[in-house]
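First chain written, first letter: the chains are A, B, C and D, and each begins at residue 1.
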Amino acid sequence: MLALVYFIILAVIAVGAALCVLLSKHPLYGALSLIVSMLSLAGIYGLLGSPFIGVVQVMVYAGAIMMLLTFVIMVLNSAKDGNTPRFDKVSLFVFPAVIALAGLLGFALVSVPFGFNAEAVRGSVAFTSSTLFNVEEGSRGYFILFEAIGVLLLSAMAAAILMAKRRIGYTASEKEEN
Amino acid sequence: MTNLPLWLIPLFPLIGTIALAAISLASSGSKKGPSEGLTGGLAVLFPALAFVAVVAFAANMPVEGIQQTLCNWMDIGSFRADIGFLFDPLSRIMLLFVTGIGTLIAIYSLGYMHGDRGFARFFAYINLFLFSMIVLVLSDSLLLTFLGWEGVGLCSYLLIGFWNADLNNCKAANKAFIVNRVGDIGFILGMLCLAMVSGDLLNYAGLNAFLKDAANVEVIKLLLPIFSLAGILFFVGCTGKSAQIPLLTWLPDAMAGPTPVSALIHAATMVTSGVYLMARLSNLFVLIPGVMTIVVFVGLLTAFWAAIAGLFQNDIKKVLAYSTISQLGYMFMAAGVAAFDASIFHVFTHAFFKAALFLGAGAVIHSLAGEQDMRRMGGLLKKTPVTACVMIFAFFAIIGFPGFAGFWSKDLILERLYTFGDVGPIYYGIALLTAIITAIYMGRLIILTFFGKFRGGEELEKHVHEAPASMLVPMVVLAVGAVFSGYMWADMLGMTCFRDMLAPVVGSAQEAFRAAEVHVNPMMLACLGTAAAVIGMVIAWIAYGGNKHIPAPRVAYPSDGVQATTWTLFFDYVHAIFILLVNVLAWIVDKCVNQLVMFVQWIIGAIAVLLGDFASGFQVRKVRLQLCLSLVGVVVLTALVFIYGGII
Amino acid sequence: MLLHILVLAPFVAALLVALAGGKGVAASKIAIFFSAIFAALSVVLIAGGDLNAAPIDWFKLPGSEASVKYWLASNTLSAWMVFLSTVLTLVALISARSTIKCEYKNFAIGMLVLLGTLNGSFLSMDAVLFFFFFEAMVIPAAVLIASYGGANRKSAAMNFAIYTLVGSAPMCIALWYLVASSGVTTAADLFNYVQTMDPGMQSCIAIAFLIAFLVKTPIFPFHGWQAATYAEAPAALSAILTGAMSKVGVYGILVWVLAIFNLSEKTLAVMLVLGLVTAVYGALMALRGQDVKKILAFSSMGHLGLAVAGIFTFSPKMLPAVLVLLVGHGLSAGALFFLSGTAERMTGSRELSAMGGLTKVAPVFSFLFGAAGVLALAVPGTAGFVGEFLVLMSLWDVGPIPTLVGGFCLILSAGYMLRMIQGVLFGKRETAIVEEARISPLEGSAIGVLLALILVFGFHPAFIYEVRSTVVDTAVEQAAPAAEESAELNDEEVKALIDKMLAEEEAAAEKTDAAEQATAEPAVETAPVAAEPVAATATAEEAK
Amino acid sequence: MELQAIYVQILALVLFSIGILTAISRRNMFFVLMGVELALNAVNLSFIGFSKTFAGDLSVAGQIVPLFTIAVAAAEACVGLAMVILIFRNQESVDTDNYSGMKG
């Protein structure tokens, strides 16, 4: 019962913040409300017995990604597009389409019965992490994926640096020539 | 001597070709050109060496001939052809006069081509021609003969178009090659015909054996259609090469080439290769009397037709060209009545007197600085006595004046015609009539050129001079041949060594065909022949002799192309129709079929482009709308999945 | 190893050329050096007989069990085709030195890549690998045309690329279907599988294959791209296109269609007619051409039409005939294209009307051009003659009418070739030529070697078919005993011949039966080699 | 009235719809990015919600996938933002409708 109450509160915050993202004028406000939405989602993860994911959500999403986004928005201050409307003719197509999709999917969800597994809902960090980092024979080998993700992040970082730096190097060499 | 390899004979001119081509190419950059002494020496040396080799072989030839296989040419399992040479009586005679006259004409050309920019090139072609001609007559299989056959055609093309700055010459050369090509296709198809029935055998020994076998088997009738087809096809090849009806138009145009070329290729050697082929395949032709009749008719018609045409020519070389065609017609008549030895004999004597005539004409042209129109000549007897004597001797030979070479050979042909079955006398009549016309137009030529007054204007008259010695010597030698070569086979005098020589090759076939000989008095026929010659001469003297007024040419010198259409008597028009047909076909293909294909292609392309535009009409060029549409697509897909998945 | 070098090393060489510095001189040296090595290796390949490299698994085709292999092997046919492509590339690279001055490096890269794909398609044993190279070669060719061609190069390149790629699209699908349903990829295995297929499906697939090759060759209704492409492409590339790339089409018909499928009588007849129509069509179009390179394009189309017609006679003489014809045509058409490039360079135009009189001003060039033109005429003593004579002989086995048509083409070929020689070389020249564009000694001697090769093969074609290996040979060898018997002349033979003729009517009636037998027979035999079914058909014909 | 699994899924669906709406209907580049992040989050939630309906070992898999999703989203954001900076420097605009250099 208590779980349901918490869930409703968190869900309302999440949906409200998401709507704020949709409706806000300035991207900075949008970013801040997105953070709120993500934090409340992290709470729901914890509520569902996955505290590990919740923590990662807070650290990576709310912490790193959104901070990066906010930072970029602030750097490119002129990003506020005051002259463009929030919604235009395209939205007229998008809204019905999305609502139709949601309706279809919702109908499908409702029509299939499923329920929580009591043991799984309790969950534990130890269980999750031991599965994730199980290097013994016969394991599912998630650790390899984990390493691969590390490499992916590294390469993404390198790519980002290259893309940003090329321009700088270019202007620098131009200056030298001048 | 006989253990020398036979391939030495063609090898000499081949070396000459390569050496001269190299000299020609190497000196192409320099202004002066190669030294004429060296080039000319090489040019004469190699044909002379070939002649010497031929003589050496000829002297020591065993009766059955020499057959040597050099190497394999094609061997693809079911079909095999070798490069092999056959030196038998027939090729001996052909080779002797081919290399002999070739050498003489090479010497003559030294003087004639003096100072020409393409001196080395000319002799390279001449050597190449000799090589091809030697291969033609020396080969032991049809396929290798065909190599020479096309090779001489190619050299003829190169030499007719020798002065290639003038496009008229090139056109004449192209005409010669293409008309010859038509004949060559006949040759190829004939070979295929024979190969089919003989089990892919194309060498003469095998073929002859096969044909004799086939003749002995009773069921020859079944094979006859194929043999007839092969015979006709080979004869088409012969008409192309030997300028018979209907493929005769190229030879008058071929006079565009230098005069020694006309003498060597278009009078003495190449054009007689058709007759040679008939003799070679005598075993085939005697099996098919129907085709032989065609051959006789074509020969008669050509001889008569060309003689008439010769009457109307004003160009000295063209008269000789038509006379060549006419004489070739005689040879085919003889071949058509299975008198192959007589036809080869006429080839032999004709080579001498016609070469002498051409060389004489060349000397005349040379002395008149390129003037070829007989109406501008006259009275040259005193100014160029040697040339005139040579030409007059040759003239007597060609009209068949008793004692001269032509008399013996032509008389022989006439006799053989007369004695050929029931229709013989009719053949004989036409041939005799042709002989009279021959005497008329040849007499006209001699009278217009050497008698009367000079009509070429004073300017030219001063220029007239006798040809240099290098030109005169070969002419004189040939004139001697024109007088005495007939005594190789003077039936009435009992000299038959020529016939005896050829007997191993063509004798059996001939006897098989001419079983029922009618016996006549040869003296009577000889008298009739002589009478024809005399009558012709008299008519010519009456018509053109004395100092009759000869109408001056209206234009200075009409180009070759115009003249050719005036008096090849309608065969040029026949050719023109064929060419027109091909052109119309090409036009249809180009303008209709090709355009149709292109149109279809264009339509398909246009449809593709239209479809593409139609499809890109969906492309909204706005990323968001695009995404939105794809979202709608997702909705539809999901709905479909649900509906068919039974969820809804 | 040799096979791998011939296929892969051109790409490596292209890379090396790309890395070479300098203003093209170094690049040209490297490129010519490597292509000379490839040419030498191709001779080694011919001399070495059959080679078969170990197959390497490459990838699995989606939706099938079949694993596509990187598997190279050579037989005489493919070895000679490789010889053509390498030799022509060598001469093209030499010839392009004076034609393409500034951008030589990129040109050489393109040519070497093209060489690699050509060799790959000739040498691959695996159908998918073959198709990969078959498609891949379009790209460098189209890029080269678009960058180095004449005035309309862009549209010509587009036309070429789209036409050939669309043409092979049906083959792509058919190949996928075939491989996916059979699970095997080599010709021999596919042949075995095809026997079990439904005849309708089989002929559908066969026609899809055929169309791709007909477009590439090109054969009559599919030739729309050819003339413009050959005319616009740089001369050196045109030579490769006609000398080597068009041969892929013929090679494909031989190895990837005839060796796999049992074509119906009707299809064979249609193909024979198409080949002949192409021959006549090409000759007639060449007769009307005004553009030297277009004349050459149509002329080579005509010759290839004759080759295809020869193939579909199924005569026992067919394989050596076509092989010699292809080699001879590759050399002579290649030489003519190179020389037409030189002529274009000297006179600045491709039109016949703008040329003429070159023999006075450029004797060496004229000698080469005249010689090449004459050698292309199938004068006896050239490889072209041997090929065309044997093809006519094969046609004769089918009937006199096809032979007559073939002969007609020979006459026409004399017509247009002489017209072209006259137009380019003879007559008087009014305008001066570009002096520095004269033929260079290296270029001239390279082309001279090509011409000499034509003569050598003409007098001794055994060079070409003697090294014939087991693969191509089987056809001939099976047919040989029968033919040898018939070569012996005796009464029996004559009698047999007569019996044959008497029984002609019967035979005509039986012909269909025999044909069915002919197609059925290969099903019984296991086909260890590519040309086996061809051979079997031939033997059946012979036996009949 | 216990917490039902279906509630979680409905929440995820709602968030996903809002995310998609933001990503497509907003023209500002940053909103597009944020919309995508929101949608990704919703998917993560859905994963976890479903994973909790299975027992034992199976449930772990559903939790680990969101982990990787988050990591990939981080990489995506990293590169995506760098691109936004680049494009912004060239175009001086964050309006996606202006980014039409590849218009066909």
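In this section, a residue touches a chain if its C-beta (ideal position, glycine included) is under 8 Å from a C-beta of that chain, and two chains touch if they have at least 3 such contacts.
Since we're looking at a predicted model, the values are computed, not measured.
Would you mind telling me which chain pair, A-D or B-C, is linked by more contacting C-beta pairs?
Counting C-beta pairs in contact, A-D comes out ahead.
Which chain has its C-alpha centre farthest away from the C-alpha centre of subunit D?
Following the centroid criterion, the farthest chain would be B.
Quick one: most central chain, C-alpha centroids?
C
Centroid of subunit A to centroid of subunit D, CA atoms only: how many Å?
6
Counting only Cα atoms for the centres, state how far subunit A is from subunit C in Å.
Roughly 61 Å, centre to centre.
Which integer distance in Å separates the CA centroid of subunit C from that of subunit D?
That pair's centroid distance is 57 Å.
Using mean CA coordinates as chain centres, what's the gap between subunit B and subunit C in Å?
35
So which bits of subunit D are touching at least two other chains?
Counting only residues that touch two or more other chains, subunit D contributes 20, 24-25, 27.
Please set out, as single numbers or ranges, the residues of subunit A touching at least two other chains.
Those would be 90, 94, 98, 101, 105.
What parts of subunit B, by residue number, touch at least two of the other chains?
622, 624, 628, 631
Show me, using the given definition of touch, all chain pairs that touch one another.
Contacting pairs: A-B, A-D, B-C, B-D.
Quick one: in the complex, what on subunit B touches subunit D?
616, 619, 621-624, 627-628, 631
Would you pull the subunit A residues touching subunit D in the complex into a rising list?
1, 3-4, 7, 11, 14-15, 18-19, 21-22, 27, 30-31, 34, 37-38, 41, 44-45, 47-50, 52-53, 56-57, 60-61, 64-66, 68-69, 72-73, 75-76, 78-79, 81, 84, 86-88, 90-91, 94-95, 98-99, 101-102, 105-106, 109-110, 114-117, 119-121, 123, 127-128, 131-132, 140, 142, 145, 149, 152-153, 155-157, 159-161, 163-164, 167
Which stretch or stretches of subunit C touch subunit B in the complex?
These residues of subunit C touch subunit B: 221, 223-224, 281, 284-285, 287-288, 316-317, 320-321, 357, 359-360, 363-364, 367, 374, 379-381, 385-386, 389-390, 392-393, 396, 400, 403-404, 407-408, 410-412, 414-415, 418-419, 422, 425-428, 459-462, 465, 476-477, 479-480, 482-484, 486-489, 491, 493-495, 497-498, 501-502.
Residue numbers of subunit A touching subunit B in their complex, please.
90, 93-94, 97-98, 100-101, 104-105, 107-108, 111-112
Residues of subunit B touching subunit A in their complex?
Those in contact with subunit A are residues 622, 624-625, 628-629, 631-632, 634-635, 638-639, 642, 647-648.
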